[in-house]
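The following blocks contain the structures, represented as structure tokens.
Same chain, two partners: chain A is paired with chain B first, then with chain C.
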Partner chain A sequence: MIKTFRTRQICFFYISLLPVVKFFTMPSVLAGICGEDLWISALFNCLADFLTISVLYFCLRCENADFFTLIKEKFGTALSKTVIAFYTAFFLLKTVIPLCEEKDYVELTLYMTSPSVFTFMPVFSAIFFICLKKSRVIGRIADGVFFIAVAGYAFTFALSLSDTDLSAILPVGAHGLKSLSLGAYSSATWFNDGAYFLFFVGNFVKSKKDGLKILFSVALSSLLVLFFLVVFYGTFNSIAFRQRFALTEISKYTTAINNMERFDYIPVFALLFTSVFSLALPFYFACELSARLFNIKRFVAAVFACAPTAIFLIFFDEYFSTAENFILNIASGYFIFFGTVFPVVMAVIIKIRADKEKKYAVCEN
Partner chain B sequence: MKISCDLQKNVAAIKKILDTDDVKYKEIKAGSNKGCLIFASDIADKEALGSLILRPLSALKGKTDEKTLYKILLSPETDFAVNIEDAAKQIADGHSALFIDGIEKAFVFGLKKYDKRAIAEPPTSTVIKGPREGFVESLAVNVSLMRRKLASPDLCFKYLTVGKFSATQVAVCYIKTVADTKLVETLTEKIRSINIDAILDSSYISKFLGEHKTSLFKQIGNTEKPDILAAKILEGRVAIIVDGSPIALTVPYLLVEDLQSPSDYYNSSYSATLARLIRVFAIFLSLYLPAFYVSAQLFHLQFIPLSFLLTIVNSIKGIPLSPSFEMFFTLLIFEILNEASVRMPRYVGMVVSIVGGLVLGETAVNAGIISAPALMIIALSGICLYTVPELEQTFSLIRLLLLVIGGSFGAFGLIVASAILLTYLVSFENYSTPLLAPFSPLVIKDLKDGVYKGFMIEQSIRPLSLKNANKRRLDK
Partner chain C sequence: MRFAKIKFAFFALAIVFLLFFSNDFGLIDIEKTAIITAVAVDITEDGEYKVTAQIAVPEATDTNTENQRAQISGKGATVGAAIKNIGDTSGWFPQLCFCNLIAVGNGFSDYNLIKVLDYFSKTLRVQDTALIVMAEEDGEELLKLATPLDNISSFALQKIILKNAGLNRDVAVSDIKSFCTGYYSDAGASILPVIKVVSQKKENENASAENGAGGTGGNSGNGGNGGNGGQSGSGAKGDAIFNANTTALFLHGVKVGELDENLTLAFNALTKDFSNTTFQLKSVVMGTGTENFLLTVFSCNADKKLEVSASGITLKVCVDIYAKISDRNGENTDLDFVKNLPMPYYVKERAEKDFTAYIEDLIRTAKTTKCDFLDIKKELYRKHYSFYHIYKNDYLERLTFTVKVNFSGQK
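Here is the complex of A and B:
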């Protein structure tokens, strides 16, 4: 089997493409729920992602197919189709919040006056175009975007650190386990990135210490998010929850009090550029899965993946807060189950079955 | 039709095919046999024909045969034709054919002579340091230039003839111990399958070799300099040299090739790296500056520093055109001037550039039709584009596209367009070689000759982005 990805591309994928979507409204949402403990709530999710990817890697590293193909091979087509259907829904749901928040961000921060059809809707052309490409393009995009994203992170942190009071996050854990759990539950839509690894596992070229490299990059990606949250809260303290778009707000005190000469927009643009690809990822994987589910051509699958969200954004924009409430409060369980619980359980089952098969094969020989 | 023993019949058949006045028929005697030497008078080397063919023939006595003739004829390039059509083709191509009564074959001599342009420095890639010779229109001269650069038995040339009417000679050139043999075979097959009236330049071939027929981006590399071509085939590429064209093609092509200049390899690594960084920066500036300026004016005034914003406000006061139309109009004038200066005779071109650049620009600003910043931005963008002349055509189109997007959708539109462009470029492959390598997919070892120009001693292996049979090029 020809492997689609390289270990390096998976590492770059986690470091460059995934943290950026967590920099828009998630920090203020978390600050509203857990105050200075926002980073602990995020840490729960980060640990869950790390655990998922670790289990997937260690259980399935010797396999030669991705998670969904493995399910088909081990448990048959019926279960595999059901799983794929659930994951298609998972990725489609995962597109809603990041897309809506970025739409608001672009309209309110960058334009203010222009109608959304002209300002934000072109993003669907990029998403649709990416959806039409083969899987290896995702790895290459990670390669191509890596340095831009890293430069964006570095500049953003460099511009904001000078005004950060790190003592603002103390005392640690003052908000109690209940609000921390609520924070972790509500932010599940932004995390559960272990689900992306379902496509990578068994589908990358093995290299020396690849597990270590992948897990290190996942940890680094989580650290970036946690550090961003800490800096964000350290900058705004108790009014952090009022700063809707953390990405723009975090570095604004460095430049000027007035609204002009915002040269901090340079790293923002770098991160926005990265975010276009980040937004496209759930669409891409939903498209990939729907193509497998319905046995349809990529073009049709891309239309299937992109059209509902585009229509929702254009015509039903006023229901966004309802959708947001639904996803943050109700659908989070779905994200946690299919982003963490199900992959871990299935990976362990597949591993046990594979070990048993091996044992029988040895005995028969 | 087969060549027969009857000389008159053969000559008549040739005359029927080559019904043209520039083909001459010289009746000769080869001992007791009659014969006819047929040649295209303006292209055959008559002096060589006299001394190497006619003189030995006149010395023959008695009845002669094929073996004897082959021994006494002194032409270093002697071939045989068994068909009348083949012989006619060879004559039309400048060779000379000798028909002898009683022999069922024609002798074909490769004795051509025609005027050639002298070897000179190509105007498209001038260097301060390094070799100055460039290819000319003659395939033979170009092949000799390559042989002089790479005097190795591994350097191979495969000759092919393409074009129904032009019968253009095409040479596929590669180093057999370095190049990917599969690629050589694929290219040879592709060139052989071209069924076109005429190949008038190597660019005709490149249109057939590109795997994406409608792509805006270049898919086949090219050069006018033998030293560059030698360097490229030493990296594992395959070259295609076409008779009648001073531009050699190379396959596979990487976008990074055009960011590299020949002088980079003759200067120090530091200055070469700096020059490459400047080129990359200039390309980004030329592509994005006009679009970003328009989008900032229309949608994002907060991005512009206050003092600069005041300058802009003062300069655009009274300008009747909208920012995007103003920029588009200025760009259009720039493109017209560019087109005119390329087409016009050189001495008139100077006048056009003075009138266009100084008079038109200055008066347009003074008359309040366009603003000084817009003019400056277009001028800067135009100059920047020429830091990588090979990609000028592609990038000027992308610049225009970005300008329209920037004017219509603002900065986020530009971001989205850039994302589409990047996706397109990373997915673009030609002959299984990614266009954007070594950046995407990242090939770390090849970055030593990417934007950063490593020291020669560091580059001990050939580029891994290209398929090549032999990786090592420098033994430390």
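Here is the complex of A and C:
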């Protein structure tokens, strides 16, 4: 089997593409639920993702197919199709919040008047274009945007630190386990990135210490998010929950801005550029899975993946609040189950079955 | 060929994103755009908000500097409605992203100010680094003033509030973010600098009237500046300057007190970068006579430490100031003063005594007004959380304090 990804691309994928979608409204949502303990709630999710990817890697690293192909090989087409259907829904649901928040962000912070919904369509065309491509495009995107994203993170953090009161996150854990759990639960839609690894595992070119490199990248990606949350709360303290678009707000208090105006928009634009590709990820994987599920052409699958969110944006934009409530409060359980629990359980079962098959093979020989 | 196609696609994508993110699809006609440099908010007699916007009107020529500013007012039941009213009545689109100053009128003294300022903190159209000040009288009057400091009064005000490095740190600066952070904190304490208008001509006239009292009756009827009465004390055209050294204290958005110039200075010493600030000592007793001194602060290390136990809560303030004698009105000088080596005992003692008194007054003001502008509750919550629930309701009443100020010259 020809492997689609390289270890480097998986590392770049986690470091550059995944943190940025968590920089828009997630910080304010978490601050509203758990105040200065927002980073602990995020830490719960980061640890869950790290654990999921670790288990997937260690259980399935010797396999030669991705997770969904393995399910088909080990458990048959019926279960495979069911699992694919659930994951298609998983990725379709995962598109809604990040896409709508980026649209709101751009319209509210970069536009003076309320633009037509069609103004956002260039982003949608880019996403659709990416969906038409073969899996290799994900690796290429990761390679392409890595330096832009890293520059954006570095510049944003450097500008933000001058006005950050790091003691704002004290006392640690004062909001109690209940709030922290609720925060972790409500932010599940932005996390559960272990689900992306289902496409990578068994489908990348093996190299020396690749496990270490991948897990280090996942940890670094989590650290970027946690650091952003700490800086965000350190900047805004008691009004953090009101700062809906953290990305624009966080870096504008540096002294140099007073003299040189909003040059912090340079890293903001770099991160916005990166985030377009990050937004495309759930669309892309929903497209990939729907093509497998219905045995349809790539173009039709791309339409299938993009149409629901596009229709929602064009015709049902006024129901965003309802959709947001549904996804943050109800669908989060779905994200946690299919983003963490199911992959871990299935990876362990596949590993046990594979070990047994090996034993039988040895005995028979 | 294939590579060229990919390059072209990437290039096209980059251009589309650039146009999209930079809002080139939504350009606004600049002729219909009002670039607002400052906003004043007052309350009318019928309880409506009156927002006055100082506008820098884009002009094709720059022949008359006065053309570049205009004031337009709008009224509404909320601040947002009043700003919308400005656009509706003028036909200009109010562009607030360059608005760096918000002046609230004195009519809001007994009013929860967050009802006024919350709009500015919620909207993304105004930067929350915009300065907020409280006018001694109407906010509108502040913007209408003509001052020798700048063609546009709001720019002059900003010069007074955000002073350049090397000038005194004698203004307690507040912006949208810091006011709202204070308001929404557990303590609910915020501050705003109070802008007092000083008319130089009026002061001179008063001085000359005092000097010539009794002998210049004929001059009292001089109507040369009689028309200035219509300017509500704003001073004659071009002669108004501002004083922002007084600080208003707000508890849960309502004004509860003021810090005078000395207490504002002490507040800044405890909370901000205080270097290059000058400090006057008047009538320092030196042997048989008295002299005045001017000290310049080179560095100030202020340490506020809260000590909490089951038996009590104590604020320990320790301020270490390294300063130099910049001037004295002595009859003759000597090398000690020039070298500042060491700081003369009577100067040091007097400076420490004065500054200690200011800081003690500052803490007493916090206790009497119940306005925790020193962030004691924040410290209690963050660093002494186990005692937070014991003291959170009456920590200011139970607070004891010690203040130690050390002035030193070169060692």
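By our rule, the second predicted complex is superposed on the first by the 356 of 365 C-alpha atoms of A that agree within 3 Å, B and C clash if a C-alpha of one lies under 4 Å from a C-alpha of the other, contacts with A are read in each partner's own complex, and residues count from 1 in each chain.
We adopt the following convention: a residue touches a chain if its C-beta (ideal position, glycine included) is under 8 Å from a C-beta of that chain, and two chains touch if they have at least 3 such contacts.
All figures in this text were calculated on a predicted structure; none of them were measured in a lab.
Student: When the two structures are superposed on chain A, do chain B and chain C clash or fit side by side?
Tutor: clash
Student: Mind working out whether A:Gly139 is in touch with chain B, chain C, both or neither, as first, second, both or neither?
Tutor: Once the two structures are laid over each other on A, A:Gly139 reaches chain B alone.
Student: Which of the two partners, first being chain B and second being chain C, lies in contact with A:Ser167: first, second, both, or neither?
Tutor: Once the two structures are laid over each other on A, A:Ser167 reaches chain C alone.
Student: Tell me which partner A:Phe245 touches in the superposition: chain B (first), chain C (second), both or neither.
Tutor: It touches chain C, and chain B stays clear.
Student: Once the structures are superposed on A, label A:Ala286 by its partner contacts, choosing first (chain B), second (chain C), both or neither.
Tutor: In the superposition, A:Ala286 touches no partner, neither chain B nor chain C.
Student: For A:Cys46, using the defined touch cut-off, is the partner it touches chain B, chain C, both, or neither? Pick first, second, both or neither.
Tutor: A:Cys46 sits against neither chain B nor chain C.
Student: So, A:Asn237: does it touch chain B (first), chain C (second), both, or neither?
Tutor: In the superposition, A:Asn237 touches chain C alone.
Student: After the superposition on A, what does A:Tyr111 contact: first (chain B), second (chain C), both or neither?
Tutor: The answer is both, since A:Tyr111 touches chain B and chain C.
Student: Where does A:Arg6 make contact in the superposed view: on chain B (first), on chain C (second), on both, or on neither?
Tutor: First partner only, chain B.
Student: For chain C, which of the listed stretches 19-27, 73-81, 253-261 or 361-369 runs into chain B?
Tutor: It is 19-27.
Student: Where on chain A do chain B and chain C both make contact?
Tutor: In chain A, positions 106, 110-111, 119-120, 122-123, 125-126, 129, 269, 272-273, 276 sit in both the chain B and chain C interfaces.
Student: Using the touch rule from the top, collect the residues of chain C that touch chain A in their complex.
Tutor: 9, 13, 16-17, 19-23, 25-26, 28, 93, 95, 121-122, 124-125, 127-129, 162, 177, 180-181, 184-186, 381-383, 385
Student: Which bits of chain A are touching chain C when the two form their complex?
Tutor: Its residues touching chain C are 106, 108-113, 115, 119-120, 122-123, 125-126, 129, 167-168, 170-171, 174, 236-239, 242, 245, 248-249, 252-253, 257-258, 269, 272-273, 276.
Student: Quick one: which bits of chain B touch chain A in the complex? Just the residue numbers, please.
Tutor: Against chain A, chain B makes touches at 299-306, 309, 405, 408-413, 415-420, 422-427, 434, 436, 439-442.
Student: For the complex, which residues does chain A have touching chain B?
Tutor: 6, 8-9, 12, 106, 110-111, 114, 118-120, 122-123, 125-126, 129-130, 133-134, 137, 139-141, 143-146, 259-263, 265, 269, 272-273, 276-277
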